[in-house]
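Take a look at the structures below.
What follows is subunit A paired twice: with subunit B in the first complex and subunit C in the second.
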Partner chain A sequence: MNRLIIIDSNKCTGCGLCQMACSIHRNGQCEASLARILIYRDEKAGIFIPMTCRQCTDPPCAAACLMNVISKDYETGITIRNLEGCISCRVCQVACPFAASIFNYLQERVENCDQCGGDPQCVKYCPYGALKYTDLTDNMDLVRDAEAKRRLLP
Partner chain B sequence: MPKPNADSCHDSLVREHAIKTIVIIGNGAAANSAAETIRSYDPRIQVIMVARENVPEFSACALPDYLAGWVSRSQPFIKKPDDYANMGIEMHWGQSVQRIDPHTKTVATESETINYDSLIIATGSRAAVPALNGSGLRGNFVIKDVADIDAIIAHRPKHVLIVGSGNIGIEVAQALQERECKVTVIEQRERILPRIFDGEPAGRIAEILTSHGISIYTGESVVAIEGYQRVERAFTDKRAILCDTVVWAAGVRQNTELAESAGIELGKLGGISVDTGMRTNIASIFACGDCVESHDMLTGKATLSLLWTTAKDQGRIAGANSLGCKLVYPGALNLVVEDIYGQCAVSMGVNEGGLCNQDLEIFEGESEKGYWRLLVREDRIMGFQSLGITTGLGAIMALMKNRMPLRTVAKILSDQGMMRRADWYLPARPFLDRLKK
Partner chain C sequence: MRKSIGYAGLILEVDLSEQHLRVRELPDDMCRGYLGGIGFNARIVYDQVPAGTDPLGPDNVLVFGVGAMVGSPFPTASRTEVSAKSPMTGLFGTSNSGMFFGIQLKNAGFDALVIKGQSPTPVYLLIEDGSVNILGAAEIWGQDSWAALDILKNKYPGAEAALIGPAGENRVRFACIENSYYDAWARTGLGAVMGAKKLKAIVVRGRQGLSPHRTDSFIEIAWKARQLIESSPFFQPFKSYGSMNAAMPYGSFKALNAHNFNRGCLPDWKENFARNKVEELTKGHIACQSCIIACAHWVEIREGPYQGLKMKDMEVTPTVSFGSGCGMSLEACVKAAEMGQRYGMDMVSAASVMAMAAEMFTRGTITAEELGYELNFGDDVAMLRLMDDIAHRRGLGDILAEGAKLAGQKIAGGEEYAMHIKGLEMPMIDPRGRFSTWSLGMLTNVRGGDHLRCRNPIENLRYNENKFAYQKERFGFDQKMYEALDMPDHLKKKAIDLEADTTDIAIMSRWAEDLINLFNALGVCIRPPVEHKIGPTILAEAFTAWTGMEMTAEELMCAAERIWNVMKLFNLREGEKTEDSRFPGRFYQEDGGAVKLDEQQITRVLRQYYQARGWEPDSGRPSPEKIKELGLD
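Let's turn to the complex of A and B:
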């Protein structure tokens, strides 16, 4: 099984260190909008939900891409982009349900998280353990999943 | 790249091993997607592609960018000529299929006859140019492949008339404006982008375009083009326009002649009629891409979706089913993203004109970033249009695709515990909060 960045939003305080780490590491520039992870913030309710690429098995961004530059790396399970071919039409941004295709205005390309080649910086810098880089099966909270399913389905 | 376990034991992927040779007619998005799918399922099966042109696959969506000079000439090409051989696809360049014989299972080109076990027709479409006075003069262009763009650039246009204001028309208008041409757009209907946007967003887009110097005349149609040897002026039913170039972007015609002559049925709208597995009425013949008539995912009505994404999706289904799989095409879902002078204009799903239903609820909103409009029918999102907004659209798209009832969404968003489980709805919240009333 491939490793994934697992997010526990209950632990997130919205400090934004993951975004800074990502942006500096990948762009050399400290800017939250350049980070490949974003935090949905509802300050009134105290909800902070980090969102990043979930490395879908059958990614909708790849299906939508007008230039066929998005593909799956079947060894690592990562969704990869050949940015040479990208014309930044932004269709992948609209097709991604998780808002994980990030428009990088410096390069005028749309990017997604590639887990920094196996050493994700955001996970390293998260001070509260909201981000983990582990095997998916270790983290399945089966009880909560079942409960959510029971309540979601009428 | 071969998919591991593609040949899995999943019920829908049960293959017919009698299929040895698959012939694909065409070399567009659908044809290539079909070929890649077949390859990913089976690395050994013989795949033959017959292409009319001598160029590898290119993305038509990048043609306006090349015309504007934003990208190089090589950028629109997705494949290189030797990529086909590397994938193990036998490519017959520059040949057009003359005849399909479903009884002997052969296709005949000018020079040879090819046997097939499964045939995929992906002949695409061609730009529609009406037979007007002067529509054959030098200076009339269409936007269909890279050679068309080369021809326009070589023509050195100064005053351009663009007939039709679909997404191609609007993109080409901006591209030629970038080349310092004086651009005029003529649209027959009462607003621009009639198939994609509703009145309000279309009006806003038209405003942006006119403020950048593009003239737009709606509710007019071109009746004649005049000139000595080359285009000099064009006449609509209301005015005369001086121009040296006319670009026809007023719709396309499906290339169905070949299929028709083989006895394949056409639909009411003029495309090849297919079932949900992209099969035609003749056994072992499949069709996909611009040339077919599929159904809309949301309304279920027959539609001619001419979008890149649709073609790719249909090609995937046709490719898998040509091997004997039983995949089902969920239907075409429109997704159009336009860059209007730096503002992102998005339309997904169906627009008001495509729904023509009374119990349609429309929600509009405006934030500091831009404008949005949500169409709801029977508690489900049917369409969404926005201008200037780039966040939260993916969640709306997913809700629309899953046909999720909005009361379920409201239930999830009102419960913190559930919200954390289904956190990806949250970026769409600004649009959905309005629906609570």
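Let's turn to the complex of A and C:
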């Protein structure tokens, strides 16, 4: 069963704990730009939109990859990277429409969210339930709602 | 890129007169002795600002100290303290703010930023990942802080900025330093210090990233802290209503500033400022870095003269100061907050001098001719007009921009309407309606009339009865709350009498001041659910895991006490006297709808406080033994 991190940006307070959680758990270092989730902030509109890998069925990052190291795990639905073959050209970053491919400057390679192997830390830390880790089939309404809001925002 | 454990490890010194930069390493003993944030500031200001320095002259030193645990996922660790000699009080000026400035400064490589001298022309400072530049500010000088921020954020995407508005440029004595759009280092006039240095903004951007000394145990401790905060009975109310929670009970105790402390509550306060009215205007929560509470709200005004106004607002202190102190409508309070942010003015002080002016007008001390218009309590338009005059130092606004104390001296007959302690205007709490740890804390506060440096961690907003007036306040909680309070046993027994259901005000004040100092040193927020549940024990565990410096709970509290004493010694060096710790005369002569204060009783509890601090009870000075014990000799 595929599960996905679903974002309800209306609930996001902009605290950045998702980024802290991701960064400290995956890198041992606290730094938002190392996190595999980012927050688009429009302070003057009071809007915060977290964005992370949407685990696309046909990922543009994989299509763009020069070395063919990005592929889909159809059992979990996760977009995976074989980092040994990665040449850090960052073309996948350009290809991602959601800016969800993150360049890790410590490792000098591009990463995307892998849902922490089924226990995503960002979801655990989110204090307002803006992030949910849930079964897609049961929650299409939520996904549609979140997506519709995302599209309607300036 | 350098890997930093807990601290960024460097202090940046900028001399604006010489256009000179200096970076020095953060010494270990500074970390152990003063922790960070307010601790660094206290030591640096004490050491570098000579006695008698003109607060608006080149010799004053403005220090930004980032809390030691800022940059970590410890809940609410986001806060930065700014300090200098205050142009309001002539004493230790200091203010604390959260959001994202601190984490950016630390990620750019610095735990503290020390600004000296005075630039001949307007400049701003750009700090990016270890590189520092002093740049010309011609483009943004003269702009209100939001317009200036738009330009800076456009130029440096992802950066944070501390900056001043026109009030700071015009050296309005209670000008503040804005922290991005909606927050500020507001109290004690630090924006005027920055304006006098001709420093418009400090722009910071960094991505160095900090690492815990022991990652796994730090993650575990931070998570435990989060669960503790969430278990506080104050957590849900604060999450839902933010600081506006306190407004209703204080109103019912007649313990709110109404019309310049003429009475304890306005008659229609409940209807006009009730929760449901606040809820109508607010939507969504806004958090500082790493905060799980998100007490701030997004406010949108949909109708009336201020229609279309959107901003982060509805914080209790400015709302009560404008709403109850000046009698303004809820919507006009939001407008006043917008002006306060754009102009860069401390809203508590601004509201206080506005209320003072309205009272002087009502009593005929000043006239409509002098003002240029009539100024009655509750007249939104006139009040906002006066606020504009103050920021731009126009007409009588020029005198009021000096703050209540100096304005009271300059305007004949004005002194008795100046509601300040040690030169700093009092916030919204009226001690006549409820004398508590909070009230005593306004007198003992190193920064003057202010309520944020001393608050009982188990503040009880439900009661104001006073069986043992001035000595005790009602404890009002059960045994479980008593046991869960993180306080050394011997002290807890002295501070709280479970059988009599009382808290000793003097002893609790001392503990609360040190505890809040510790929070301000580590960069943790003092919101009630945090202050209630997070004590020195878990902070010591977190500090040790984060920095790798072994510190016990006692050692942390000792450092916090040392910081408080250093600030007090600074004040004494500047000539603070015991008689300065006094409420304005009105509080002893008029009952304000509650009871007149008893001066003798207050002197008695102050003496008890000095004793609890290990200070000389007559002079209120730290005793030689205390100074020696804290290693300050």
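The working rule: the second predicted complex is superposed on the first by the 140 of 154 C-alpha atoms of A that agree within 3 Å, B and C clash if a C-alpha of one lies under 4 Å from a C-alpha of the other, contacts with A are read in each partner's own complex, and residues count from 1 in each chain.
Basically, a contact is a pair of C-beta atoms (placed from the backbone, for glycine too) under 8 Å apart; a residue touches a chain by one contact, two chains touch by 3 or more.
All of these numbers come straight from a predicted model, not from anything done at the bench.
Once the two complexes are overlaid through subunit A, subunit B and subunit C fit side by side, free of any clash as defined at the top of the document.
The three-chain arrangement built by superposing both structures on chain A places subunit B and subunit C 130° apart around the Cα centre of subunit A, to the nearest 10.
By the touch criterion defined above, A:10 reaches both subunit B and subunit C. Looking at the superposition, the partner that touches the larger set of subunit A residues, subunit B or subunit C, turns out to be B. By the touch criterion defined above, A:20 reaches subunit C but does not reach subunit B. Applying the stated contact rule after C-alpha superposition, one finds that A:97 touches subunit B and leaves subunit C untouched.
In the superposition on chain A, A:45 contacts both subunit B and subunit C. The least CA distance from subunit B to subunit C in the superposed model is 5 Å. Annotation: subunit A residues 10, 45 touch subunit B in one complex and subunit C in the other. Across the complex, subunit C meets subunit A through its residues 1, 3, 71-73, 100, 107, 180-182, 207-212, 215, 219, 284-294, 298, 310-312. The touching residues of subunit A, counted against subunit C in their complex, run 10, 13-17, 20-21, 23-25, 27-34, 43-46, 105-106, 125, 127-128. Subunit B contributes residues 1, 3-4, 59, 61-62, 65, 70-71, 75, 78, 308-309, 312-313, 335, 337, 339, 344, 346, 348, 390-395, 397-398, 408, 412, 415-424, 426-427 to its touches with subunit A in the complex.
Partner subunit B is touched in their complex by these residues of subunit A: 9-10, 40, 42, 45, 47, 49, 51, 60, 63-64, 66-68, 71-72, 74, 85, 87, 89-91, 93-99, 101, 103, 144-145, 148, 151-152, 154.
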